[in-house]
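Okay, so subunit A shows up in both of these, paired with subunit B first and subunit C after.
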Partner chain A sequence: MLVFALRKVFRALLTVMLLVTFTFFILRLTGDPATSMVGLDVPPEAREAFRVKWGLDRPLWTQYLIYLEQLAQGDFGRSFVGARPAWDVVAERLPKTLSLMGATTLVTLLIGIPLGVIAAVRRGTWVDRLAIGVSVAGLSLPNFVVGILLILLFGVGLMWLPTTGSDTAWHFILPVVTMATSEAAVFARFARSAMLDVLNQPYMRTAAAKGRDRASAVVWHALPNAAIPLVTVVALYLGRLIVGAVVTENVFAWPGVGSLLVLSVEHRDLAVVQTIVILVGITMVAANLTVDIAYRWLDPRTARREGAG
Partner chain B sequence: MARLAGLPLSVRLSGVWVLAMLAVAILADWIAPYDYAAIDLRNRLTPPIWMTGGTWLHPLGTDDLGRDVLSRIIYSVRTSLAVALLGTIIGAALGTSLGFLAARFRGWVDDLVTMAIDFQAALPFLILALAALAFLGNSLVLFVAIMGVYGWERYARIVRGMAFAAQAQGYAIALRTLGASSARVYFAHILPNIASAIIVNMTLNFPETVLLETSLSFLGLGIQPPMTSLGNMVGFGRDYLLSAWWIAVCPAVVIFVTTLAFSLLGDWLRDYLDPALRGS
Partner chain C sequence: MPLLDIQDLRVSFDTAAGPAQAVRGVDLTLARGEILGVVGESGSGKSALFLAVLGLAGARARVSGQAFFDGADLIDLSDRALSRLRGRRLSMVFQDPASSLNPVRSIGHQLKEAIRLNAGGLSHGERPTPEALLAEVGLSDPQRQLRAYPHELSGGQNQRAMIAMMLAGNPDLLIADEPTTALDVTVQAQILDLLQDISRARGMSVVLISHDLGVVAQICDRIAVMYGGMIVESGPVEQVFDAPAHPYMRGLMAARPNGAGRLQPIGGTVPSPFDSAPGCAFAPRCARRSARCSREVPPAVGGQRWWRCFHPALDAADAKPLEEAARL
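Take a look at the complex of A and B:
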């Protein structure tokens, strides 16, 4: 277990290093930072002074080491907008995005898992087909289409709910429903197939033979076992959630990291884009690592199945 | 389990819709009533035919510059399908080649490809796409290249696994003993044997590529005007939701139905071609 965990941690660190190196070289390859920072209309001496000041006159590998040192100290460079530290620009918007993601996760679990479980228990009936139909439709609907239709219905048509900003609890409803639509569809699918695997196990037959009624057998015996494979979906879900937030925040003018990212791409504010990419990368790597280790811990059978490798 | 004889209604309808969209894309120049960029300032924001004030001149209404929404949708379908098709083909070729390379050379080449697959799979692709657009600036060539990179790791993973298995089979060993070159063994003999898995992955990847393209175009970072795509039509129409909802809603409905049809077809094709791959 310890060897397994250490090897996974090593792989995770390697992936983060790869990402950081990748962004560094892409950033340096896409043009002279001195030119893009101070512009072409300044005298060459000023540009030269800028180069010396930021260490751009030194060899690439020295620059790379300096860059790593800065990152380790939490220095992600400066945003072109107001010359503020890129990390501060991102961090101040983080709570808005995290609260949106948290609320979405809650709604996703509350809708997706019961839907999948009911579909599995009622396999082959109209309930099952309806649940599958809804989840296929939910997966095919891009976030921005759901968002636009919701704005049209509840914002423009019925005028029940606010459609831009994030000031009150009411503001959460439409963005959260937008994001949860496709995420609940994914969870329903996985919950259904995980449940189907579990429902035919001998212990379910034993529970029935003991005279335990179906509903409590499903809740007490099937659900905990079906939850284990669901753990592997967590990292996949997080990735989808991040992408969903980028699009949804833009639909509803939600002042979070997602709308900041699109704004920064438009303005080519590279330090901010780089900060967000590294932040997302580290989050995803950490999530994958946690899932791998948690899965091994929750289900020791995986260790035996994998053997020594 | 579906067989050709008893196709479910949903799959038939999906097939009809996909064929219709392909026809629209190919015949755009002939069936579009107007040029997609033709501005008609006297007929701005005309509503669609079923609303009061609608006319048969513009069955789906016009936008803020008096451009015909129907014609714009027809050309947008062409752009979106062409970009997604090109992206899917590039992705399949790239992933398949890398999968073969890993299987042929093993050792550090395999390690490198596997590491790249893990790296790609760990990061949400939209974020990488946005980063590439920020660093390299937007152009049509770059945009198509990004669509091409999307999903390569899934082909690579499937092909690598299947090629490893195929190498050990009689025909591959026989060919090598007869002195066939590696390229010949892989592309002329192993490829046809694993083609169905690649095709299934392509049909599943295609609607996702459409969604990625439309999402990026919606954000204003994909297809740039004067070109038109389904995503950027919705993006521009968003500003007119209050006064002229049809500008955004008509292309949004086309996106939904098209990706739904491709997903249903892809799921069915997966079950049909390879019952072993079938998920529950």
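Take a look at the complex of A and C:
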């Protein structure tokens, strides 16, 4: 078990390390911050001064080593904008993004999983067809299309809901609906197929022979088994959620990390982009670790097998 | 009054290719405390018959006829009413014990669930304990077995645990659908002995569904032989085994390995459930058939011992069954 945990942690560190390296070089090889920050309509000396000030004149690998050394000390570097610590720039926007993601996750799970479960239990009926139809529609519409349609309808047309900013609870509605639509569709489809698989298992018939009625057999015997494949989806979901947040925050001018990321890439604000990428990387790695643990908790077969080996 | 009285039960399944007729009119009675063996090849309708009686045949099944259990027609009962009877009055154990138990719940969890569902209303003293039920089915290490998950126990242990779960409500009837087919031969004999012991001790009726004549011979009082969705021969086990009257049953006996001589397979194949030709379902494979066999379904002939055949094997070579038939 200890070896297993150590191996997992080592692999996680390696993943984050690779991500940091990759981002570092790609960002520097694909654009010059001096051009985007200082501009082209100033004398070349001004751009050169900017490069010297930020150490961008040194060889790439020297910059890389310096960056790693800073990172090891918990220093994420400084933003080109106002020379503020990159971590502070990101951290002050984090709550907005986390609350958006949290609300989206809640809505996604509360709509997606029951929809899939009901579709599976009522397989072949109009309920099932409706659920499949809704989820295909939700899946095929990209976030930015859903967002813009919602803005046109509820913001511009009906003028019921605010479309920019994040000041009140009302501001949450459109971005959350935008993000949750496609995510709930994914969960509904996975929940449906996981349930269909489980509902045909012999132990469901045993439950009925024991005197379980249909509804309580679904809750007590089918759901715990269907949850196992669904857990895998959760890790995938987190990745999609982060991408969705980047798009949605930009559509709705939501002052979170997602809109900061787009802004910072545009400006080649290297330290901020790298900080965000590291944050996302760590989140994904943590999510995968959590899924591994959840697996063992949900499925006694995996726990005992690996525990023995 | 018999415990179970099935009358003209028919089961068909809706399929893409049309209705598949699994059971084509079965009459059957079962006395209290009796052990009835139901034999037949796969596809003979033996499982579908009893799944239908318990209301477990699934959404695609169309069931008609009657099945009076203690006076009430099970086919007529609502899902809810039938669900209340299952586990309490009638229970069922299935072929593959490992996949018939929930893999993510411990044996103890599933056993306590059965007790709560079916004996929850009883006072503390009357309610069976998990330990007592495990002991009754011969699982002697309850501390370990209650904590174990199905994948940690052997097939025989799982089947014993399943039987314990089905005994929690002290049912009048236990239907065992190929309970030993997935098990080793030695374990098979132990499970059969266990079923017989429990039946005797509790006065519980058992229906043992099997494709294996040897299994039925070991513990059953009476046998019903199914072919093509109908019972073709039925009677006390010794009588039917000593002198099978129906050509199909004779064929089954000849196809048994008995250590002497070659096995004689029955030529031809089982009838298709989509086939609705008139007459005896066995006629196309039968050496004794006449023109009449393909025209009409033979009626049931006899009393306690009966068969559906126009040309039963009651010739001079089988004087004994002839005498018996005359007596009945």
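Methods note: the second predicted complex is superposed on the first by the 252 of 309 C-alpha atoms of A that agree within 3 Å, B and C clash if a C-alpha of one lies under 4 Å from a C-alpha of the other, contacts with A are read in each partner's own complex, and residues count from 1 in each chain.
Criterion: a residue touches a chain if its C-beta (ideal position, glycine included) is under 8 Å from a C-beta of that chain, and two chains touch if they have at least 3 such contacts.
As the structure is a prediction and not an experimental result, all values here were calculated from the model.
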item: Side-by-side fit of subunit B and subunit C on subunit A, or clash; value: fit
item: Subunit B versus subunit C as contact partner of A:27, first or second or both or neither; value: first
item: Which superposed partner A:299 touches (first subunit B, second subunit C, both, neither); value: second
item: Partner chain(s) touched by A:220 [first = subunit B, second = subunit C, both, neither]; value: second
item: Touching partner for A:208 - first (subunit B), second (subunit C), both, neither; value: second
item: Which superposed partner A:148 touches (first subunit B, second subunit C, both, neither); value: first
item: Subunit A residues touched by each partner, larger count belonging to subunit B or subunit C; value: B
item: Centroid geometry (CA): angle subunit B/subunit A/subunit C, rounded to a multiple of 10 degrees; value: 90
item: Touched partner set for A:268, first subunit B, second subunit C, both or neither; value: first
item: Smallest distance from any CA atom of subunit C to any CA atom of subunit B, in Å, after fitting; value: 12
item: Footprint overlap on subunit A, comparing subunit B with subunit C; value: none
item: Residues of subunit A touching subunit B in the complex; value: 11, 14-15, 18-19, 23, 26-27, 30, 136-137, 139-145, 148-149, 151-152, 155-156, 192-193, 196-197, 235, 239-240, 242-243, 246-247, 250-251, 261-262, 264-266, 268-270, 273-274, 276-277, 280-281, 284-285, 288
item: Residue ranges of subunit A in contact with subunit C within the complex; value: 201-203, 205-214, 220-221, 224-225, 228, 298-301, 304
item: Sites on subunit C touched by subunit A in the complex; value: 54, 56, 79-80, 83-88, 91-94, 96, 99-106, 113-114, 117-118, 149, 151-152, 162, 165-166, 168-169
item: Complex interface listing, subunit B residues touching subunit A; value: 115, 118-119, 122-128, 130-137, 207, 211, 214-215, 218-221, 231, 234-235, 237-238, 241-242, 245, 248-249, 252, 255-256, 259-260, 263-264, 267, 279-280
